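Both complexes shown next keep chain A, but they swap its partner, so chain B is in the first and chain C is in the second.
Presenting the complex of A and B:
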């Protein structure tokens, strides 16, 4: 019984990891497939599908577009989220609750609905589909996240430090730029990278708001519809590698800032 | 200068963005749902036809799609919580402190793969030559391989895979905030491990479960990709019905009406979860 009690958690942990990693590992393996079939049995290893992916203009263009939209919309969402979090955390208003509710509301609505609403609105106003339109939609879906992350970090402890700076004669802008922003730096970066990774992989809004310039998920989608090939597996693995690099950067920065503060 | 500082207007740009690009489009969609297509042109006629066709379509496609969506989403949410909770618990209380961060990042690493590709990669795993069939054949459980893709099972599996990771994050974040002293106090008062868990840890972790379950519900019920790739042609979920109206027929009024119904379901779910969802500053 005690042996069971001791080992059961680790057995569960291992099984859960297997479940979580299974599709990813199979995907990576079959990106090195040699034949035409993207599915088992495995007949590789071969790098020919990787070479095809890197030479495929549609994929590399989609990759660039995705990165542009992801980084751009994440930047806007982080700046807007920070300004709102600061203002709402530092000054009480009669309507504070309502403002918070409004800012968080998009998180309770499906991306599909947000995308369709934007498409209808853009149609009505005669605005075309473009990377800008996708970016606008992605700011909408990421704003609640950046706002919530940053708002949660603007507690009393930070407010006291800001008050000290005011008492020492610093102006509003100086306090924000020289005290608040540096204090929140790890959270700002985390918010930015989370927004960027969610945006660059987002499908439905990008699909509805794009025509000629498409992002990578939309490219992958059309590849999927025109037939399966190991090229898809290689593309998916590439996306995974880039996302992991972003996660690695965030983790490293958070780790370093924790070490500084500890 | 006093009136022109961040504390006074900092929230304005974000609110304006949300109003223009979120609230206004929703209103546009609501209006659209009362419009009709006359000779290919969309005109606002304040008709209820779109909602009527949701209810009365002879083949029952739309009502059926709504039910399918609700069933799949509820099933997904429940299974995901059941898979994720023990995982988050092990990460928070069994993995040594120094390794927790690493173990957590490792556990949710596949969260960052492309969403489209992640769904599709389950097809590789579930295919007739796939690893699961291979294993079942090897273990003697099956005599001939079975195709497991293109089914509701595959859709729910794909969903659970993604949302178990999301829930592990929210539940873990909640568990590590529960102070050790609470459980120690329970132990001092004579509670055994299970009692301390049942009366102390579990109730205190409800907010983390609620946040994750709510996000799971919203994201799963509105998702088009996973059912489209893994679900096959046998049944249709509501987002697929919406996309079908936009894509093939450009029937925006009907698509809008279906979306409003989807939003109604999400709002109802929000009411259920609302009491447990709270924003706090640390």
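Presenting the complex of A and C:
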């Protein structure tokens, strides 16, 4: 019995991990397939599909576009999220709770609805579909997240640290730039990378808001329509690797900041 | 030759604070002299921190004025006041080294780099952290953080140093040690310290003057021994450590003395009060005596109910005429539970409390 108690959780854990990661591992493995179809038996390894991916303008353009939109929208969402969090955490207003609700509300709305709304609005304003439009859409969906992350880091202890800086003669700008921002640096970076990762993977809004310049998820979607190919596996692997790297950076930053504040 | 009147270092004139219809500080005056170590003592929610924040500029009085060295600073923000605060949670800058923490205020005052770093290093040495300048905040213990916070506040040479329960987070032994160091630093720098605490022992051991604050008002104010031995109010008597308090009524005013009728009988104590006034009389446990005093009062016979050995003395509960009295008996007397004792006190030790 005791042996069962000891091993059962581990078996379950391994099964769960396998369930989550097996599809990804298979995807990665068959990106090194030699033949035409990404299905067993595996006849690789071969780098020819990877070479094809890197030579495919559609994919490399999509990759560049995705990086532009991801980094750009994450930067804007982080800056706006910080400003909103700072003002709501530091200046008490009568309607603070209501403003907070308004800022968090988009998180409950489906991307499809937000995408439709943006499309209608841009149409009305006479703005075309573009990378800019995708970026704005991604700021809309990521702002609640960056706001929530940063707001949670601006507690009473941090307020006291800012008070100490004011007390020692620092003005508003110096306190924000020399105390608040450096103090929040790990959280700011974490918020930035989370927003960038979500933008990187996002399909619905990117699809609705784009026409000629498309992001990588939209490229993959259009490739999928013409059937499976190891080239798609290689593209998917590329997307996965970059996401994992970003998540790794976030985890590292949060771990370091926890260690410092302990 | 007429002497130029010296204005006090800090002057609170008719200040009050009302916050969301609640009176946090009632209209009061408080004057602090240069070089004085003043402790604002009171329970949590008494308004003592609000008073401190009024001096530091973190709270604006609803009415009244705050003056420092005769200059009205009521409307100045903390940065423009010649004060510096040591916060309860230290509020050190987590992303800076110790040296940069301490030098921060000087940098804001545009002191040249070499000069401010030298000054910061000197302040660190003063608080016993010589050579720790390059360390980060997270590498320090609570007591060390406390010292850095002190050094940082003192580096800007404030006219008034404000300390908001700075020792609250430290364990007892470290707290006692830091109390001594605070007093030593204050003497050495000749600075004016205003210190907030709810620990009456801490207040007594460090203060030149204790200000007992309760419900937004000042209950008593004076040197520690006076406030302890002759408290001005019932609250001050109870808050400044253990006290035996008896309710009574003045039956006769005897010109300098009054006769008070209490549960222990009529007692003649020093003081002035009109006949018929409801008063309290108070005695510290160590002021209750087991033998008659030449100029004493007799408090009647009682029975020892509970005893606990405290090393230097025995803490003893006595029941006298239905009243529970606490006394500190010398160990050598060898009291036993159930024993009958007679209690006395020196007449001048008995405190008459009129409010």
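Going forward, the second predicted complex is superposed on the first by the 250 of 262 C-alpha atoms of A that agree within 3 Å, B and C clash if a C-alpha of one lies under 4 Å from a C-alpha of the other, contacts with A are read in each partner's own complex, and residues count from 1 in each chain.
Just so it is clear, contacts are C-beta pairs under 8 Å (C-beta built on N, C-alpha and C of every residue); 3 or more make two chains touch, one makes a residue touch a chain.
Worth saying up front: this structure is predicted, and the values here are computed from it rather than measured.
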{"item": "When chain B and chain C are modelled together on chain A, clash or fit", "value": "fit"}
{"item": "Dominant toucher of chain A (residue count), chain B or chain C", "value": "B"}
{"item": "Which of chain B and chain C A:62 touches, first, second, both or neither", "value": "neither"}
{"item": "Which of chain B and chain C A:230 touches, first, second, both or neither", "value": "neither"}
{"item": "First (chain B), second (chain C), both or neither touched by A:185", "value": "second"}
{"item": "Partner chain(s) touched by A:80 [first = chain B, second = chain C, both, neither]", "value": "first"}
{"item": "Chain B versus chain C as contact partner of A:72, first or second or both or neither", "value": "neither"}
{"item": "Contacts of A:147 with chain B and chain C, given as first, second, both or neither", "value": "first"}
{"item": "Contacts of A:173 with chain B and chain C, given as first, second, both or neither", "value": "first"}
{"item": "Which of chain B and chain C A:110 touches, first, second, both or neither", "value": "first"}
{"item": "Partner chain(s) touched by A:100 [first = chain B, second = chain C, both, neither]", "value": "first"}
{"item": "Smallest separation of CA atoms, chain C relative to chain B, angstrom", "value": "10"}
{"item": "Footprint overlap on chain A, comparing chain B with chain C", "value": "171"}
{"item": "Of chain A, residues touching chain C in the complex", "value": "157, 160-161, 163-171, 174, 179, 182-183, 185, 259-262"}
{"item": "Residues of chain B that touch chain A when the two form their complex", "value": "1, 5-15, 17-19, 21-26, 28-29, 32, 83, 86-87, 90, 94, 101, 105-110, 112-118, 120-125, 127, 129-131, 134, 161, 164-165, 215, 218-219, 221-225, 229, 239, 242-243, 246, 252, 255-256, 259, 262-263, 266-267, 270, 279-282"}
{"item": "Contact set on chain A toward chain B in their complex", "value": "9-10, 12-13, 16-17, 19-24, 26-27, 30, 38-41, 80-81, 83-84, 86-91, 99-100, 102-114, 116-121, 124, 136-137, 139-140, 143, 147-148, 151-156, 171-173, 176, 197, 201-204, 208, 216-217, 220-221, 224, 228, 232-233, 235-236, 239-240, 243-244, 246-247, 251, 255"}
{"item": "Touching residues (chain side chain C, partner chain A) in the complex", "value": "56-58, 77-79, 83-85, 87, 89, 91-95, 104-105, 108-109, 136, 138, 152-153, 156"}
